[in-house]
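As structure tokens, the structure follows; a few thoughts come after it.
By written order: A, B, C, D, E and F. Residues from 1 in each chain.
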Amino acid sequence: MGIEFLIVNILLVILIVIASLVAVLLRDLLAAAIALAAMSLLLSLEFFLLQAPDVAIAQAGVGACLTTAIVIIAIKGTKRMEEE
Amino acid sequence: MIEYIPFIAVVAMIIIGLYTVVFRRNLIKIVIGISIIESGVNLFLIILGYRDGGVAPIFTSLPPGTSFPEGMVLPVPQALTLTSIVIGVAVLALMLSLVMHIYRKYGTLDVQKIRRLKE
Amino acid sequence: MTFLETLLQQSPVLIIATPLLSAFLMPLVSRIHAKVRDVFALVVLGVTSCFVGLLASDVLSHGPRIYIFGAQNLSFPLVRILFEVDSMGVFMAIITVMLASIAVVYSWSFLHQQDGLDKYYTLLLLVVTSALGMELTGDIFNFFVFLEISCIASCALIAFWVDEGEALEAAFKYIVVSSIGALFVLFAIGIFYAQYNALNIATLAHLLQFTFLDKIVLAILLVSLGMKAGLAPMHMWMPDSYGRAPPSIILIIMSATLASVYGILRVMFTLYGNVLTTSLRFSLPAHVIIGWILIALAIVSILIGVIMALVQTDLLRLIGYAGVAEIGYMFLAIGTSIVALGTSYATVALHGGLFHILNDALDIGLLFLVAGAIYYVTKKRSLDDISGLARSMKFTTVFFIIGALAVAGMPPLNGFTSKFLIYESVYQVNPILSIIALLGSILLLAIFIKVLYAAFLGPELPELKDVKEAPRSMLLAMGFLAVFAVVIGLFPNLVLDTLVKPAATALLDHAQYISMVVGGL
Amino acid sequence: MEKRTVAGALAFSIVVVFFLFSIFLLHPFGKPGQVQMDDYIITHTQNETGTNNGVTSVVFDYRGFDTLGEATILFSAVAGVLLLFRRVRH
Amino acid sequence: MTKIVKTTANILFPFTMIFGLYVIAHGHLTPGGGFQGGAIVASGCALLLVAYGSPWVFDHIKDKRLATFESLGAIGFITIGLLGLIFGAVFFGNFLAGSGSLFGTTPATGSTLADFNTGGVLPLMNFAVGVKVIAGLFVIILVMAYASSIKEWS
Amino acid sequence: MFSLESGSGFWNPVLWVLVVFVLFLLFYGIRGFGRSTYKKGTEQTKVFLSGNKETSAEEMHVKASNLYWGFTTSMKSLYSVLRKMHTGNTSDYILWFVLVLAVLFLIMGVM
């Protein structure tokens, strides 16, 4: 395995963890949903790099697009800010 | 050590998700936490199936000179992950519809206040 | 090959495919007429019961049966999904279809002319399918898939009364708890896959080495499935959702819960069957430690269940806590049989535990149906608001007394026969355990005497003057369960010899389960 | 500090430690140890299922029953959502 | 929504649709399949929801009809499995693979070019699952969006 | 055939029913030997409460939540602990899950 590939992978994985942390820590739920979408997209990219194009397409379609849409719909139906 | 960093990221995602479910008080945050746990488990399965220098297990216009089976990544974890992703979106949709209903009945999303059922 | 032989050969898949296809057809069928829909659900379950009966009669007389999806014979590395049906799976499948049929009959009147019933019956059939799949499958990932189906469908059913905030709350709690449990099961499956590159239960059991990873996986599986089964202290979702779901559906959710109990049994006895006797540190065999963990959880379940049930005023919630205690009895017996693995009273304990699964389904199910009937006629949940119902609801009172005495383990009803086996075998391990089990039974009796006194005896309240007896189909459903309870109580050997003992033998004989699949390897 | 936070922190740290321990016992990234099942699938997928895509052959043929379960999960989620929003009409 | 969004959606929607259907149809040859293609088409439908607003879509597309389509997709999937039981003697038996008829060619072992006429029952299953997933995901998102956009629920 | 063996004891429900039935007959017979001075419709059947008026059935009825008052009061400390445990908070359910998972990890890891 090339060391460049490993480094790219590790960077992506670290970005995914950071995105999920951001999604958890933000008080604005809409921003959290966008962070979750970013995490899903990065995850899909990681799947693609790990030679799983099928899963990458599914993750991009379901995770990044539909999940975000559903979360945003739910936020629209409830309340945007997380209360103290 | 450096080869285990993806696995450590998986553990980190699962723990971040669990932390969200246990210590965050917003219902939508809890749902996001469960989604993060699920993504972590998906990543775990895909990482397990990766083989050094392998290509995707698709034979259509394969790069010339690929030797198989050694030159291909494992297909079974990918199939399992596909199942898991669809399960994830189904659970998420159901949970968020419940959250919308709960907000109408309780007027809040704070998990500490949604506890008419106790003792 | 005759038609019957073909049917028998295909019966494992027909058991799954019939309710599944009918669930898919249900939205179309319910467009025709409400009556057609109601009858269709029962007919489908009847056909499924026939298949289960056919398969059961064959498995009990000729040994386990294997069904491979998509291939005629086993190919070397077991790439395909397979069903492995032994006496244990058949025993659980019989309980499931019985509970489901009774629940459908009960639902006819209970939910008469409420909206959303087409979805209700669809989801009901899906939960039944998932429970049957969990009980028949021989593939661990397939088990996970069915576990998720049961989570989602049960959650939607718990939230059936969307106008009540509490029902939605209970459903949300249920789905959070069970989806996290299921995700951890998936994580455990991933670790198994990484180690052994197999997903088949028999192959995994054959290859299992009891390394550190396997211990971690065992802990994860035990806790996640235990949470789904309602073991204390992870039991809190159980009174919530049982107390707020429509009582007609609780039998179905209970069958999914019992399927999780089956999952723990399968993990303990089959998956880890080869390595249970390995010596660990301090030269303690593994089975002693695992067994004592189970016994500790079981004792906590019994005590918390009965003590919390004593102060409940909501009848359905009270029975939910009693259900927690009953789950504790099952695990007390299972833990005892693991601690004492190899001795004769371990077998007796396992008989008691498995028999108690059936008896718990019958007795707690009967009590839930009675509570549902009370709710149906009075529209009141709290025990404080009802009194003197015995005057107007004579049959229901009789059924309640039968159910209450059976749950409390009074002779000669069925609850006593299994508890008798549990007391006797647990005494051999540690007398204190048997005393705690007896104490739990006494407290259960006290709890139900309270319910009897508060709800059925006492003066007639003015607002309950014009209360009538429950409708006929509800009485029929309750009557079935009550008759079963009495008959099994009077003639326990009828069930014990034909179903329970073969099931226990099949569980303990993991070598046969493995060799059915791995044989050639 | 609250008792709940302390208990949670303790339990979380134990879980993290054990997860990390167990992660290092797995095979390293990119070097799977046992591969007999997947190798069989890759070698035989073209002959047995006539498919060029290995993942599709696993999803729909070798583990087709799982996919049926997965479709069922989506179906039950749809039924659940429609059940929850059944009163929502014009 | 503004005219720009509507026009963009109008232009993008057919392309998403075609790409999704391509992914579904070529699931046995290239990356993709029923689930992935269904998810892509459902995303396109979500775009429609964003552009035109859920009440408009709810007026034009009945959720009951979508649910029926979903049922039909699921029934089709399980029926193909049962056909395997009838023609191939086992549930989910791939009775068309290698038969030489519809989808029955076997590709040569090793690296080959795409041959659409392969895969046995897999393309049919892809199609059934595709219909199911499109209808299922779209009805979920449609009903939830409509419910979140109105004040009174019953 | 009807009896259930447990290795150290046995249980025969049919025998039990027979014994109970015989005992019931026996006691019924013994009851018949008693004096029959009890007469319905006379002063004998009235409740005597030291001359006070008899309270109505509705007032006499103890509500379900007061039934085991003595027991719950004496076990107050236990109940306060258990009440504190059942918070009804969804997060706490998962916290219990994590706690039990941690304990099992410790046991399994040390052994």
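Quick note on the criterion: contacts are C-beta pairs under 8 Å (C-beta built on N, C-alpha and C of every residue); 3 or more make two chains touch, one makes a residue touch a chain.
This one's a predicted model, so the numbers in the text were calculated from it and none came from an experiment.
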If I drop chain A from the contact graph, what connected components are left? one piece
Greatest Cα-centroid separation from chain B: which chain? F
Count the touching C-beta pairs: is C-D or B-F ahead? C-D
Using CA atoms only, can you tell me which chain is the most central one in this structure? C
Chain centre separation (chain B, chain D; CA means) in Å: 8
In angstrom, rounded to a whole number, how far apart do the mean CA points of chain E and chain F lie? 58
Distance from the CA centroid of chain A to that of chain B, rounded to the nearest Å? 10
Hey, how far is the Cα centre of chain A from the one of chain F, in Å? 55
Chain B touches at least 2 other chains through residues 3, 5-6, 14, 18-19, 21-25, 30, 47-50, 52, 56, 58-60, 68, 76, 78, 80, 82-83, 85-87, 89-91, 93-94, 96-101, 114-117, 119
Residue numbers in chain D touching 2 or more other chains? 8, 12, 15, 18-19, 21, 26, 29-30, 32, 35, 37-38, 41, 46, 52-53, 55-57, 59, 61-70, 72-77, 80-82, 84-85, 87
Note: chain A residues in touch with at least two other chains are 1, 6, 9, 52-55, 58, 62, 66, 70, 73-74, 77
Which stretch or stretches of chain C touch chain F in the complex? 172-173, 176-177, 180-181, 212, 215-216, 218-220, 222-224, 226-227, 233-234, 236-237, 240, 280-282, 284, 286, 289, 293, 297, 304, 307-308, 310-311, 313, 344-345, 348, 382-384, 387, 411-412, 416-417, 420-421, 424-425, 427-428, 446, 450-451, 453-455, 458-459, 461, 489-493, 496
Can you check the complex and tell me which residues of chain B touch chain D? 3-8, 10-11, 14-15, 18-19, 22-23, 47-52, 56-60, 68-69, 72, 74-76, 78-80, 82-83, 86-87, 89-91, 93-94, 97-98, 101
For the complex, which residues does chain C have touching chain D? 20, 23-24, 27, 69-70, 75-81, 115-116, 119-120, 122-123, 126, 129, 133, 141-142, 145-146, 148-149, 152-153, 155-156, 159-160, 162, 191, 194-199, 211-213, 216
Report the residues of chain C in contact with chain B in the complex, numbered from low to high. 141, 145, 148, 151-152, 155-156, 159, 162, 164-166, 168-173, 175-176, 179-180, 183, 186-187, 189-190, 193-194, 199, 239-240, 243-244, 308, 311-312
Can you name the residues of chain B that touch chain C in the complex? 14, 18, 21, 27, 30, 34, 37-38, 41, 44-45, 48, 76-77, 80, 83-84, 87, 90-91, 94-95, 98-99, 101-102, 105-106, 114-117, 119
